[in-house]
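In order of appearance the chains are A, B, C and D, and numbering begins at 1 in each one.
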Amino acid sequence: MAIVLGPNQYGKAENRVVRITRDSARHEIRDLNVSTALRGDFSAAHLVGDQSQVLPTDTQKQTAYSYAKEKGVESIEAYGLELARHFVDDVVPVEGARIEIEEYAWEHAIVDGEEHEHTFVRLGQEVRTASITVEGKGAEQKTWVIGGLKDLVLLKSTGSEFHGFLTDEYTRLEPTTDRVMATALVAQWRFTETELDWNAVYAGVKRILIKQFAVLHSLALQQTLYEMGKAVLEEYPFIAEIKFSAPNKHHFLYNLETFGVENNNEVFHADDRPYGLIQATVMRDDAPDAGPAWTPAANLA
Amino acid sequence: MAIVLGPNQYGKAENRVVRITRDSARHEIRDLNVSTALRGDFSAAHLVGDQSQVLPTDTQKQTAYSYAKEKGVESIEAYGLELARHFVDDVVPVEGARIEIEEYAWEHAIVDGEEHEHTFVRLGQEVRTASITVEGKGAEQKTWVIGGLKDLVLLKSTGSEFHGFLTDEYTRLEPTTDRVMATALVAQWRFTETELDWNAVYAGVKRILIKQFAVLHSLALQQTLYEMGKAVLEEYPFIAEIKFSAPNKHHFLYNLETFGVENNNEVFHADDRPYGLIQATVMRDDAPDAGPAWTPAANLA
Amino acid sequence: MAIVLGPNQYGKAENRVVRITRDSARHEIRDLNVSTALRGDFSAAHLVGDQSQVLPTDTQKQTAYSYAKEKGVESIEAYGLELARHFVDDVVPVEGARIEIEEYAWEHAIVDGEEHEHTFVRLGQEVRTASITVEGKGAEQKTWVIGGLKDLVLLKSTGSEFHGFLTDEYTRLEPTTDRVMATALVAQWRFTETELDWNAVYAGVKRILIKQFAVLHSLALQQTLYEMGKAVLEEYPFIAEIKFSAPNKHHFLYNLETFGVENNNEVFHADDRPYGLIQATVMRDDAPDAGPAWTPAANLA
Amino acid sequence: MAIVLGPNQYGKAENRVVRITRDSARHEIRDLNVSTALRGDFSAAHLVGDQSQVLPTDTQKQTAYSYAKEKGVESIEAYGLELARHFVDDVVPVEGARIEIEEYAWEHAIVDGEEHEHTFVRLGQEVRTASITVEGKGAEQKTWVIGGLKDLVLLKSTGSEFHGFLTDEYTRLEPTTDRVMATALVAQWRFTETELDWNAVYAGVKRILIKQFAVLHSLALQQTLYEMGKAVLEEYPFIAEIKFSAPNKHHFLYNLETFGVENNNEVFHADDRPYGLIQATVMRDDAPDAGPAWTPAANLA
């Protein structure tokens, strides 16, 4: 029996890269939070403190900012691919790279009914995400791209039921045929291609997710998630699987009866904790191997 | 010399009241965070633990939820006025009430180009705020209403300068004629009337603030705030003053020259802390007395 | 009627200054979050963008870091006084300065039962605070010092009652003679002197607050706060007043009876929101004028 | 090619269970945040909204609170094992359960030098964690227990170097032989036994981690983590592996030279973002299979 070094990675987390495009009078903005993680044989650094195979996290940061100009940020997926490939291709000890990016959306400010050319208002809604993994050098190189979003807060004020559930001696929940259903959706979808119109696909997936949440008369949040995922996969053949993490943000009907006030699903208390948490994957049965696609840049929190 | 009880107040903070209007197939939603604070002579509770003059914070909570149905939530200002007047008018020991409300905006989900009737997406942008103070009973009663917003994140990618400033031996800042200017705006405006189309005014103030931020070629964030406030007061005669708190969210130009990469105000690091903080009031010189209008429900944090 | 500039101030918020003392093998650490705000006639900056009277917030930052070495950080009160006096005394247009500081406590790591000389563990408990205001130049200069703490989380598992309260038609709360009482205390105390052993006083006030919370059999959180404040004022003649903001962090007794399980004040749900919020001032009846002592560096949030 | 349901789980997250032991005059408190997740064949709920195999998340919550009394909370590991085994053993469709618990530490308040019997101060330092996984019924059942902590903030003011690293064209970092090293440690260790004195082991692991952080003259955070893990494994034969996630919380030496002020590693700026992030596993080479031990209750964030 010996004590050994197991899986490890290191990088620079949360580089707040802002890229302004100002080639014309109308500017555009990309507002990113970029995390990098490198994988390879860094055992000398762990075992004896020898850094000769370690590209500093500061260098990873410098590269992330410089690439925002050198390669541009047409989309977070494309920019992330450039960064990941650079680290694996150009840094000898690096055998794999993981790039995770969050993007905060802005829109042009409206002034007298027109979009202002260089003033922006942050939208503040969902955060767009991407996770790029590149492994191996040369002809053996493999690439995985995951697109996603988080904090997309959705609510249906009717059209949602919950009943017929399993019960045991601790069950006190009353079944209902009309409840508020709300979630702050996290969704991530794995691509099988690396050359796509990433921005168009993102807009399309978001549109489909919202539509399915709306139109499905829901018997469970599980069912809603499944239909959302199925619709995305039906639309985009180059998406192999989609994963959801959906808190059931409870809106409890407030008891107004005690005051002689009718409450016909009109007044609710939005509770913080605890919350239900539903997680599901919808996938193609012939989805190619996910490999390290789902292994995050930070594997403990 | 004696030790005495000084200013005090108590209430229920952060009631998460959600009000759905479902009188027709098209639902509407008001998503509120309501805090109440009562003022009066509660010295017996402090000095000897006698609660006979203390309406429990739990009762204040019950009232906030019930009023969301009994009085409705046409606007947070109107709903807050109902709550504040109730506590002062109907609870004998209460001599003053302060109601503070945050509202989170939602929009109807778009499905196939149409607004869905009962599905909503949280906008996530700025938070609308209102602070209502009522003092005194009967004919002596006085009322103050403050509208506002917070977390409206604005950015100009050009059209902002900063130079000609005072210097001393600790000054190292370089003057600039072209910088990114960004803020997460907090604004609060004090009304001199209590019967208004609150929602229309809110939309108007927000529109004006954004416009002035955009169109003023700025020599300082101070100047921008002043012009924003001035434009609001010029438009609405029933607004006596407007206060701003504006963090200068620094976007530092990233040094790419060292890599031989030109950076013509295109790549920035968005820094977290520290940040400049500019606060200013723009007011009419004949503004009526603010009284307790600016005394918050929570006076320490 | 004219539109005019009202009260205003500006500064650099949240400078994260860390000061290590390493004059001997045993190091010490002061971990600060420093905010500065300057007051005076800055109307030219607001009205026409003229910065000639504006010392940049960047300069304020540089000064805060440099003073951590030049003047040292024996206590946050003493360091804050140095900074405030410098801005008012040495910068011509500055008529008043407000310095607000948070301090995060660390202790020496324990290794084999001994304190390690240069390794520290952050305590993570309450945050110590100080707010210093200096106004006027030369002989006219006035100074106010406020000490404080926040996020001191206290809980009593018995020894707390709540009954005999005022009721109305919305009251449903049941009186109780034994409840959990918990709070995350904010306290700020105003000094009448500026030359004190600040660190010793801080330790003493904290000790007294905790003791009174513990030993008073409480009939209301209001009563507990009053006794805490009274004891502090009785101990320290140079403290004129103390203000509290105390959320009543509700611990709701969980209904286990439905499962045939006895719950004799043993299992609770710690709820997040809403929460009661009690605020009170305990003061000497001959306390000198507070002037701007309580006017914060950020007056809107 | 068909679209199918992939991996899924559901549960109740963040139940804020507080357990007071009051069997004698001296009370004790356990303050927990409990998340449950159930695994099994719930495809009917996803595919057609049939809940007949779904034990509601509300029932999971009720059970968590009731078990705090029925089984007690001697340690979070023992309590989590009770909950996990209950769901798998007693609920027919449940094939696996994952329980994740955070514990917030309190200590008895000190009054006149003595511990007060029923008043507590929250420590606020690190959060203790546990993750329990049970899979399979009857004789086939397997169990994994992970202990851990997070947010243990450590700092060395000397005794840390970083040099000799790999460089490329983006490297601008200067090597150093004396820097501040600080982290907010996350550590999780996997047990190979399920009957242990969990509280004693927790205290021991924490003690060892702090000691190794202190005594190792560090050439890299990687090296420090490895030595910390190695020492834990050497002490406890029933720990198979330990994983670390350690942000390198940068403390940048502040340039005071420009003011003619010497800064001999005495004044630093504590920066927020970006930060280095080092992750490493230290394990026995004969560690038994981890199975689902590291699969969290929430697999996307």
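The rule is simple: a contact is a pair of C-beta atoms (placed from the backbone, for glycine too) under 8 Å apart; a residue touches a chain by one contact, two chains touch by 3 or more.
Since the structure is predicted, the reported quantities are computational estimates derived from the model, not experimental observations.
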item	value
Pair of chains joined by more contacts [C-beta pairs], C-D or B-C	B-C
Longest centre-to-centre distance from chain C, chain (CA-based)	A
Whole-Å gap between the CA centroids of chain C and chain D	31
Cα-centroid distance, chain B relative to chain C, in whole angstrom	23
Multi-chain contact residues (two or more partners), chain C	15-16, 62, 66, 170, 172, 259, 272-273
Chain B-facing residues of chain D, complex	169-170, 172, 258-259, 272-273
Contacting residues of chain D [partner chain C, same complex]	15-22, 27, 29, 31, 62, 65-66, 68-70, 106, 109-112, 116, 118-126, 151-159, 180, 207, 210-211, 213-215, 251, 254, 256, 259, 261-272
Complex contacts: residues of chain D adjacent to chain A	1-16, 35, 37, 42, 45-59, 61-63, 66, 90-91, 93, 150, 162-168, 170-173, 186, 188, 218-220, 222-223, 225-226, 229-230, 233-234, 241, 243-245, 247-248, 273-286, 294, 297-301
